[in-house]
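Presented sequentially are two complexes of subunit A, the first with subunit B as partner and the second with subunit C.
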Partner chain A sequence: MATAIETQTVDLAARFPGIVSADSRPGYAGFMIPKENLVEVATALRDELGYDLLTSLTGVDYIAENKMEVVYHAYKTTGGAGIVFKVQVERVDPMEIPSLTHLWHGVEFQEREVWDLFGIKFANHPDLRRILMWEGFDGHPLRKDWREPFFEEEVKPYKSRWPEGKHTFAEDKNIFHDNLKFPKDFDPEKYVVDKEEDLYASLERYTLKDEAGKMKTDHIVVNLGPHHPSTHGVLRVAVTLDGETVIGLKPVMGYLHRNHEKIGERNTYLQIIPYTDRLDYFNSMSNNFGYVTTVEKLLKIQVAERAEYIRVIMAELSRIQNHLIFVGMLINDLGSMYTPSLYAFEERELILDIFEAVSGSRMMCNYYRFGGVVRDVSDDILQKIKDLVFDRLPAKTDEMERFLNENEILVGRLKGTHVLSAEEAINYSVTGPVLRAAGVPYDLRRADPYSIYDRFDFDVAVRQNGDMMDNYLIRFDEIRQSIRILEQAVKGIPQGPINSQKPNYQIKAPAGEAYGRIESPKGELGFYMVSNGKGNPYRYHVRAPSFVNLTAIEKMCTGTKIQDFVALVAMLDIVMGELDR
Partner chain B sequence: MYGLGILKGLSVTWKRYWDTYIDDISWAMSGKKRYQSEEGIKHRSSKNTKGIFTIQYPEEQLITPEEFRFVPFLVYDELADGTKNIRCTSCGICAKVCPPQCIWIVRSNDPVTGKPVPVPANYYIDIDICMNCGFCAEYCPFDAIKMDHDFNIASTERSVYNLEKLLKPASYYAEIRPQNYAIEEEARKAKEAAKAAKAAAPKPA
Partner chain C sequence: MENEKLSLPNYNIPEDMQDVVAITTLDRLYNWGRRSSVWPLMFGLACCAIEMIAAQTARYDMARFGMEVMRPTPRQADMMLVSGTVTKKMLPVIVRLYNQMPEPKYVVAMGACASGGGPFKEGYNVVAGIDKFLPVDIYIPGCPPTPQALIAGMIKLQEKIDKESLKKVRWYNKEKKDGNYVPMPILGPDLIDVRRNAEYKQAAAKTTEESA
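== the complex of A and B ==
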């Protein structure tokens, strides 16, 4: 199995002698670029070498070396291995490196995230504000010297649990009995919320022009959410409207932020698995899959053969139920309450029954382990899966399509709205079904195969128009392909052990880095991990597809009607657990 | 013709509407209970179900699969003289493996010698923090902590369970997880037999 990072195809150091150097730290790969040359090298990568998709951007705080590092992962949409490049700066405030937003618009939110959580500024970024924490927050939480209010120890397990055994409530550690930390001279009596100005200032301005024969109109700012039933959780979007037409918008997020990555850095490798369930809570199986694949890369271990099949079966069942929810919720948002969504939920219910029987929980599965899965799938459950895959799901997918696809109201709402071209989709780092609906056949199961996907015969679902209708139809195409994979997987599943490793709760990974990515139902789910040889990851980053796909929302919405915006949010298939992390 | 797609869609819902009644009537004719019976619930969560397949909670409940997990409990064996033999040895693996760190174990010492005794003096689980991942049960080497099936534990205040509240007999465990219990008992007996055989075997001279 080819892993993307280890098979380096381009030698940047030879291409830019004296400027770019290979990353020589043991366990690391990729290239170091001085910040002065970053834009030059990145432009060459995109335009000359064909690395058109910059998927992930994140920071690492190397406090011992007194360095801050920004790590970029770029790939080709034609498939194959990717390239990693890094920029280091001295860990002295203010830190600044050039922004790449003019090359790849998709890094806009990710650069804001790095600024927010690490305090690295990006020069020439169009809108560098905090993104997950609120404006006025004190500090940058992912720095290694930042400690949360309920801080106990640097890493788990905590001594107070065992051997000391002194029970205390975490909230008693803070005088406010609250998970909040205030700046030193903070006075809640005198605090005035004034930071919203930055948000509204970032919105598109509409200049009043007195054109002949045209009525003068004023623009209006509307805040959709955070408590709005159509926003799939606590997403807030500030929209500037001219009448009913959207002329600019900015999403505001972080209402569900709990700093998953900081929690992950406190945890041991094993303890992170149940936390990944809570990212995209509809697809805990996929999240587990992505995480364990990354750690297995770091540990360099093989997965048991039977477990590989079980993993694929569970991940594909998860994709089917995710797309069913997507269809139900999209139509719910279009105004057809309950009936289609409950039809979709019925098949999902049967899939969740299987998840519950194998893992013990319907949604928080916690089923994958390093080297395999936690428990075997019994013959009864395998029979249930076969019944679903061979008898029920294909017929029910047909029924669902017959039920909805030709509905004139649905077609009228979806056809031709919110078109995203292939070039724009790539430029905005959009992945998953949204990218494929725009005509780019980029599916990681084919483009950069992981696990055993190279053994199965299936097609990459792709549509050409990039409008809402194609985005809707491609979900059914993908369900069909998933059923095809499942048919082959349940037939070919071998007998044997379900884990190649002995149960071990104190896993230590050798020093180094790994970037693992899988095709989650929503797009590319990536995990970037850095180990320093201890039992806890030094850096743990989640490249969430919902978060990056949302970058394109402003582009897609501008010039369309406000009522279609609600459909677009459903169409991007965002989940706040993953978006806010 | 405009509206044909809508009619086509409505034919699906129309069929589903009648499917429910047809299924109900055919079950009634054959004298079986479609609702509030185990058979009926199983049918409604199988591949053959037609029409609506809602489970009428709380009058009826989905059948809980054996592996279902919800908050842990501690297992004790009832000895012949009626005393409780707590399986937990306070080794601390569960506390170390717990992702949200919601387990506190107070170890006990022998009052005479002051040496540690393999029985917990107390054992706390903060149920409000527990994320029901099941790691404690998975990694316990003594089968002393297991995941429960009882999910009706809503309360209006912070609930921290202590040793007394957490202890449940092995018979209860055998009842909710018969297959796992049987496998574990077999392994335990095999281990004890091996131990006895080793003890009985004459020592090499």
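== the complex of A and C ==
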């Protein structure tokens, strides 16, 4: 059962008197650090106080106070509550704060994202380029004074649609009659296209210096993707090869950047839920879970008891189908085209049937609400879940393991490739099964329990070697643990209301901030929300596990063969919808 | 349905040859050969791609209609299934893939995003529908469309192929030499559709006048 968890956070202001001050704004927590002392304080946090996992980094544009803020969330891998620290800079270009990449490599992409979307520079960052948009894009989109071409009003619901519903096409309002925005006096014929020199220059640093007397070999740069059958969507990777060996690698993303955060900041709280479905589109239930948990933190409301059980059941079913697909797709990428995936999809369809029965949609469930869920689970659906959980899924998991685990090719390809040590995994802010396969038993359902996970009896799946084989096996371990949770949940589900709140379309959250996180099948799914007391979030940030886990790909791939890279992309279990948002 | 009319045999086939000889039109034969071997480009953009995969699996089995041979390279594909949100950053790649596909080629916009921007239309990096650049043959509604809806859309495409005539199709049209070549858009301060350069220049100049 759950162990007592240290909830006490350290008083950073007492540790650094005169430098660090507590964040005193109402509804806010954490500490303010002057940018000159950021590196010093962060080093102490990591090395003295034991906050070794810096999970989230994001920016907030406080335009009224003329400040830009960067918010950091650090946790201990031993579990417990985390610490929030913030750095503020004057909102005057150029803004610059020190980079923390040399302390935590995991912030590399997140710092690049803040540079791309907010225009805050990070001094001493090894490779500060735009990450989601392309080089040459005009402006930093998440700034509050930056408006998208189809801008209508600051926040929804738009007056033009309500209550008469007189809709005009967004194209008619834009001067270019399209989703476009050009600077004044822009001449397209004179525009010089970016040749991505910066990207290829960043690959240069891997180029091995030819030592005297040794054979000189040429390196070639290969671009995999964004259209490639094994990149799991629209990921692009620029690789420098020496023969077949990868000597340098840079992922390029943003090909599915759907502006989730900008749209989310215009939306009302309720309107965001269907958008979260489309983040990690394998696990809409988990995404809903993470989002409503965060907003409930902000609103400080309780969840109905029956709804808690329904939430856990749906989230765990979602985890099972995600891991099944993972296994199918991994083996697909290893060259066994389609047959194992067909087995995986067979079980997935049965789980999707349950989702469709409760929510009305197979994939985009839009099922969770603040304080509960939207519809009740009827007894016959519960019976279906019981049949699946008690009879079918355990047998089918065994069957898959029996077919695959000792397959010579599989073991030969997976065992010992792409080893990630526990220290490296933590340093790269890797979370989820990939971290646990490296030997760190860090599972948020145990380490920082949310919802009712502290009531269930289950083990945190953990493996020791951190290679591909362990990453593959741990998925089956997790499926078994999920089945254990499901068994207890379907037995213990009480009768009662499914929502503790009255239906409300215009929720107003009190001013303040909240960071909620759940253990999604891919890792820590976090939502950082800032409210200014109105019906829309002032800042809405998604800490996507795929995005942060991908930071480690460079480290894991360098020195291995290119064909193993394809398997590695499958192993990290990335989903582009969540990665690019 | 002029093809239906054309393939009605007006010839009287001698009785002893009726089991051996059938008369039809070249169009009908040509379309029959193509309709059940539409090879899609293996090309997933977003959420819809997952339903596209689901449509290929045992439960829905798109192979029944002869459309299961996903080709990873555009050179071997007949049909581009735009399955998901088209972003500005991805668009040049999609246009390039389309241009690389040999004729005859078809475009199917799967889902709300590919058809018209969908829920993400207001986003600054989203192209409001692939039909702003490529000629779309079939639109499939849904977010995402279920595998059944996808198969229904594919059958609609087959019906469209059935109606084509060798005399009229663009890929045998001598006047239209480059077929459906779409010029590559450029990623500038925003997405530049090179076909509309003059228009952009004019509008951008107007913004200056107004603000001055």
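Simple rule for what comes next: the second predicted complex is superposed on the first by the 548 of 581 C-alpha atoms of A that agree within 3 Å, B and C clash if a C-alpha of one lies under 4 Å from a C-alpha of the other, contacts with A are read in each partner's own complex, and residues count from 1 in each chain.
Keep this in mind: contacts are C-beta pairs under 8 Å (C-beta built on N, C-alpha and C of every residue); 3 or more make two chains touch, one makes a residue touch a chain.
This is a predicted model, so every value here is computed, not measured.
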| item | value |
| --- | --- |
| Touching partner for A:E346 - first (subunit B), second (subunit C), both, neither | both |
| Which of subunit B and subunit C A:M364 touches, first, second, both or neither | both |
| Which of subunit B and subunit C A:D391 touches, first, second, both or neither | first |
| First, second, both or neither for A:H227, with subunit B first and subunit C second | second |
| Touching partner for A:P183 - first (subunit B), second (subunit C), both, neither | second |
| Which of subunit B and subunit C A:L256 touches, first, second, both or neither | second |
| Touching partner for A:G577 - first (subunit B), second (subunit C), both, neither | second |
| Subunit B versus subunit C as contact partner of A:P274, first or second or both or neither | both |
| Contact residues common to both interfaces of subunit A (with subunit B and with subunit C) | 170, 274-275, 346, 349, 364 |
| Partner subunit A, residues of subunit B touching it in the complex | 2-6, 8-9, 12-13, 16, 45-47, 53, 62, 65, 67-69, 90, 92-93, 95-99, 101, 103-107, 122, 124, 126, 129, 131-135, 138-139, 147, 158, 160 |
| Partner subunit A, residues of subunit C touching it in the complex | 42-47, 49-51, 53-54, 57-59, 72, 84-85, 87, 89-90, 93, 97, 117, 119-128, 132, 143-144, 146, 186-194, 197, 199-201, 203-208, 211 |
| Interface residues, subunit A side, partner subunit B - complex | 156-158, 160-163, 165-167, 169-170, 267-268, 270-275, 339, 343, 346, 349-350, 353, 356-361, 364, 366, 374-375, 384, 387-388, 391-392, 399, 402-411, 503, 505-506 |
| Residues of subunit A that touch subunit C when the two form their complex | 132-134, 136-138, 141, 148-150, 152, 170-171, 175-176, 178-189, 191, 193-194, 226-229, 233-234, 254-259, 262-263, 266, 274-275, 278, 281-282, 341-342, 345-346, 348-349, 362-364, 576-577 |
